[in-house]
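Heads up, there are several structures right after this.
Heads up, the next two complexes both have chain A, just with different partners, chain B and then chain C.
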Partner chain A sequence: MRSTASRTIRALPTLLRIGVAETVAYRAEFIVWMLTSTMPLINLAFWSAVARDGAFQGYDTPQLTAYFLGALIVRNLTGNWVAWQLSEEIRTGVLSMRLLRPLHPIVAYASSQSAALPFRSLIALPIAVILLVSAGGGAITHDPAQLALLLPSLLLAWLITFALMFALGCLSFWITQTFGIVTFYFGLWSLFSGYMMPMDMMTSKFPIVGYLAKWMPFYSMLGAPIELMTKHLTTGKMLEIVGIQAGWTVVCIFVALRAWSAGVRRFEAVGG
Partner chain B sequence: MIRAKELTKHFKVHRRPPGLAAAIKSLVHRKYDVVKAVDGVSFTIERGERVGFLGPNGAGKTTTLKVLSGLLHPTSGEIEVAGHVPFKREPDLLGKITLVMGQKSQLIWDLPPAETYAMNRAIFDVPQAEFEKTLGELTELLDLSGLVDKPTRQLSLGERMKCELAAALLHRPTTLFLDEPTIGLDVAMQVAIRDFVRNYNQRHEATVLLTSHYMDDVVALCPRIIVIDQGKLIHDGDLRQLIKTMDPDKRVSFTLTAPIDQGELEKLGTILSREGQRISLRVSERELPAVVGHVLGTLKAADIAIEDPPLEDILRVMFGRSKEAAANHKETEAS
Partner chain C sequence: MIKYLRLVSVQLRTSVAQAMAYRADFLIQGVMSLAWLGVALIPLLIAFDKRPSIAGWDRASAMVMMAYFMAVKAVMEGIISPSLTDLVERIRSGAFDYILLKPVDAQLMISASRYEPWRVFDLLGAIGLATYGFVQRGAAPSLAHVAAGLGLFVAGVIAVYALWIVCAAASFWVVRLDNLVYLLSAVFDIARWPVQVFRGGWRFVFTFIIPVAVMTTFPAMALLGRLDARTALATVGGALLMLAISRLIWRAAIRNYTSASS
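Take a look at the complex of A and B:
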């Protein structure tokens, strides 16, 4: 048998194609699911109302528009649900079938999750791009270096999100049902990632949240790419943002792989 | 080759009585029992052997298959499959084995089986030409034409099972773990699957370890059987020899052409059933030639069939003895 890495690379196009086929298997569910990814537009409406009579905490309406449309784009490109998928497969024993294939399940899940991304974004992204250009265009960066760093920043944000969600899913090896933990995680993520409001706005209102956020990966998952997209940053600041993201990526992948290798020893392969 | 030495697998199981009070109590204080699903089992299976793995529900058959295929880590003991330690799940091993579970599907539920086949081809890195050749053979042997393009969820149980077998064999494994592969299938389909497994075993010199609640599967496929009960091995050997040892008498069934007295029948053997002219007797091996001669010559029976006792009956006796032995052991320990 050829080497694992080269075999995995050769298998990727097929895995992505099948991931796409799975995503579009149910048409009605597919359309509803695409519509659910537009939550940042609601946040935008709320904060635009707050800033109607003038800038709020340094953010005027075009800046808020740019920020939340940026959030919509980043959320759509980095969001995934592997924690639920993995948790369900551990609980029901379906994971057994993945373990019988010579492909690390983390690769199989990653390809299945990333295959769905373009479809998830079919509705949200065009809306975001049109609104961003027409309403908040002035607030988007035009710096080529910043724009060049945006793609790696988005990739790193996706990797951190995926790895953390994968590690959360692995908790099912120990506690079977992780719905409550994942919900708690989303609470933390919403607070510390910049999903509810820009982090600098949050920090000036609640300094303790800003301090804690520095020690957590959530900002690197959402706020960091939005900053690269919507703020005018110095080269040092840009590199700091992406450097911190790279650091969190290494930590989160390490945690995910450790959780997997410790958890799979406890797998009970129920059913059958 | 498959080798298990003193294999054990224990599970910690949470137990609580029914009811709201017990449910709330279990939030703060949980009781766990250790279940010895597999308890010191040893055996060796050579390449190309077909072995039936039998036992009552909960005996530890499926757990053993899951340990052997690398899904579960054993609690203790040594195991080796095709030169590998299964729970390490090295790619080389995974390319040589397959596990078919009648109650668990590897097919992608929302897509046609053809998509699972394409995925397995990519993951197992099967060259396209070899894949097409193998799939062609499997399509012919399992009569899959017209099935592989329908979504899996719309296939009948029998159709799905045939597609499952094809998915499990596309990479041409040399060790097959088959856990209830014919469950829920009609008789014709069971026979088709049995023929297919035998054919595959002979063509590829594949090792087959089969569990099934249908004894016909085991009798038709497996010259050797391993029997476990309550996690312990209670028999490992030739199937015919086991039957001969446990119950050497034959079952003789025939249809009479003229009425006969009950007394005359009883002289031939123990009457097992009598439905109209159809008779079934239990006859010792020593008396068999004379009884057959009498039935055909004197009674002029329209037909006659001589069979071994059903494997189900043999196993029932074995499991009964095993339970008794376990109860005696517990009593001795208690005293």
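Take a look at the complex of A and C:
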């Protein structure tokens, strides 16, 4: 067991280098991928039009700007395409190559995806600067504790997103057409994560959706870090948000690992 | 001409047969269409709960506008995106050469190469939503407005199609672009809201440079009887112009095409 862990740690730098090389090699694809996450800006335009003659449900234009630019940053930093990567490799059989390596494939996928983070930050940082300037600082938190929690919160959001996408990719072990399911998942995510609008707006009109959202991981993937970025929260509330995120991280990684081990048995059965 | 119609109908038949093979999808797709209807409507319901009008649109007209968005999206996801995915795959594998060898126009062959028949649900949902919008307004559209609305719907689809051909042509130069479909739908997502919600420079960009207003806003305004004849004609003209430009780009791309296998 110890040797597995140390082997994994020794392999990490190389894996990350490969990931960086992959991102650079497919840079056109990467840029297209980044351009597809413009939805927060489109929603910002709509909600700004709503708030044009005065604050809407407590959100004025600078706050909306802060919220949706925050959404853009979080989406950029946490997005990944492991579901597509995995289902493609299962379909074509490339996966068998990964199974031969003395390393859990989930680690290999995670490092391949996280290698894109520096490039994603290149896009996220200018947006963050625009956010600081345009929102005038008033709509962004100054609380040092909240800022300190932001990084762990983003990390947890990344882990939840990765684990869920990985589990979705594992569905390809059983069914050939996972595209529909991924689209459905994305619909749920848009509704419950705070992607289309801040969740407190949603809760005031549709309390049921707000209530259901409490029991789903989606808010921890997007809304939670945005809230830490843009709202003034009490210490208790901050810890609650990050605590819920941590809980979902454990659950989602567990689900992903279970889906993997159940699926890989099937994969062997098909291949052999 | 008859030859082309027969060709398209054969391709449609195979796609329907394929879709029928995965009958369980029927239920899943129906549920999915409903879920997306919810995602589309919830922001509108929330926003119009407290505001009588947003950027010049009242609640009922905004629903008609959203119905147009859903209808064009249904056509896009039902015909355009699957064919584009097909094309990118063929260029990468080199199978596109066989299409070029066939004695028919390659653009037509790839434009209708695959369909997703289940998207019909979204189309039905859109029609239902538009009807609901008009019931809320308390007045049915006049026959002339329906004709204008339908005509501009076709113009909107043509505009999306032209954009798609340009994307397809791009994939001749940058072969590994599996996610072109997502880019296209990201551009189209701008058409989700009336172009009037954008201000200043952006409204100009989305009306004239990336003409998303042509795809949904103007057709919806035509059906609502709020579009003057000049803008309507300009919309149709703009869509046809886009089609012509995209055809030129496609021809240039074809000339540039060097097969993946050689």
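Here is the rule we go by: the second predicted complex is superposed on the first by the 252 of 272 C-alpha atoms of A that agree within 3 Å, B and C clash if a C-alpha of one lies under 4 Å from a C-alpha of the other, contacts with A are read in each partner's own complex, and residues count from 1 in each chain.
One rule holds in what follows: a contact is a pair of C-beta atoms (placed from the backbone, for glycine too) under 8 Å apart; a residue touches a chain by one contact, two chains touch by 3 or more.
Since this is a predicted model, take the numbers as computed values, not measurements.
Undergrad: Is A:V94 contacted by the first partner chain B, the second partner chain C, both or neither?
TA: The answer is first: A:V94 touches chain B but not chain C.
Undergrad: After superposition on the shared chain, which partner residues are touched by A:M202: those of chain B (first), chain C (second), both, or neither?
TA: Once the two structures are laid over each other on A, A:M202 reaches chain C alone.
Undergrad: Which partner chains sit in contact with A:A11 here, chain B, chain C, both or neither? Use first/second/both/neither.
TA: first
Undergrad: Hey, is it chain B or chain C that touches more of chain A?
TA: The partner that reaches more residues of chain A in the superposed model: C.
Undergrad: So in the superposed three-chain picture, is A:L103 touching just chain B, just chain C, both, or none of them (first/second/both/neither)?
TA: So A:L103 only meets chain B here.
Undergrad: Quick check for you: in the superposed arrangement, does A:R265 touch first (chain B), second (chain C), both or neither?
TA: A:R265 contacts chain B only, not chain C.
Undergrad: Using the touch definition from the top, say if A:F56 reaches chain B (first), chain C (second), both or neither.
TA: second
Undergrad: Is A:A21 touching the first partner chain B, the second partner chain C, both, or neither of them?
TA: It touches chain B, and chain C stays clear.
Undergrad: So which bits of chain A does chain B touch that chain C touches too?
TA: 26
Undergrad: Show me the residue ranges of chain A that touch chain B in the complex, using the header's touch definition.
TA: 1-2, 4, 7, 10-11, 13-15, 17-18, 21-22, 25-26, 93-94, 96-97, 99-103, 265, 267-269, 271-272
Undergrad: So in the complex, which bits of chain C are touching chain A?
TA: It comes out as residues 22, 25, 28-29, 31-32, 35-36, 38-39, 42-43, 45-47, 49-51, 54-55, 174, 176-180, 182-183, 185-186, 189-190, 192-193, 196-199, 202.
Undergrad: Would you pull the chain A residues touching chain C in the complex into a rising list?
TA: Spelled out, the residues of chain A in touch with chain C are 26, 28-29, 32-33, 35-39, 42-43, 45-50, 52, 56-57, 84, 177, 180-181, 183-184, 187-188, 190-191, 196-197, 201-202, 204-206, 209.
Undergrad: Which of the residues in chain B end up touching chain A in this complex?
TA: 11, 62, 66, 69-73, 89, 91-92, 94-95, 97-99, 101-106, 108, 110-111, 115, 118-125, 151, 179
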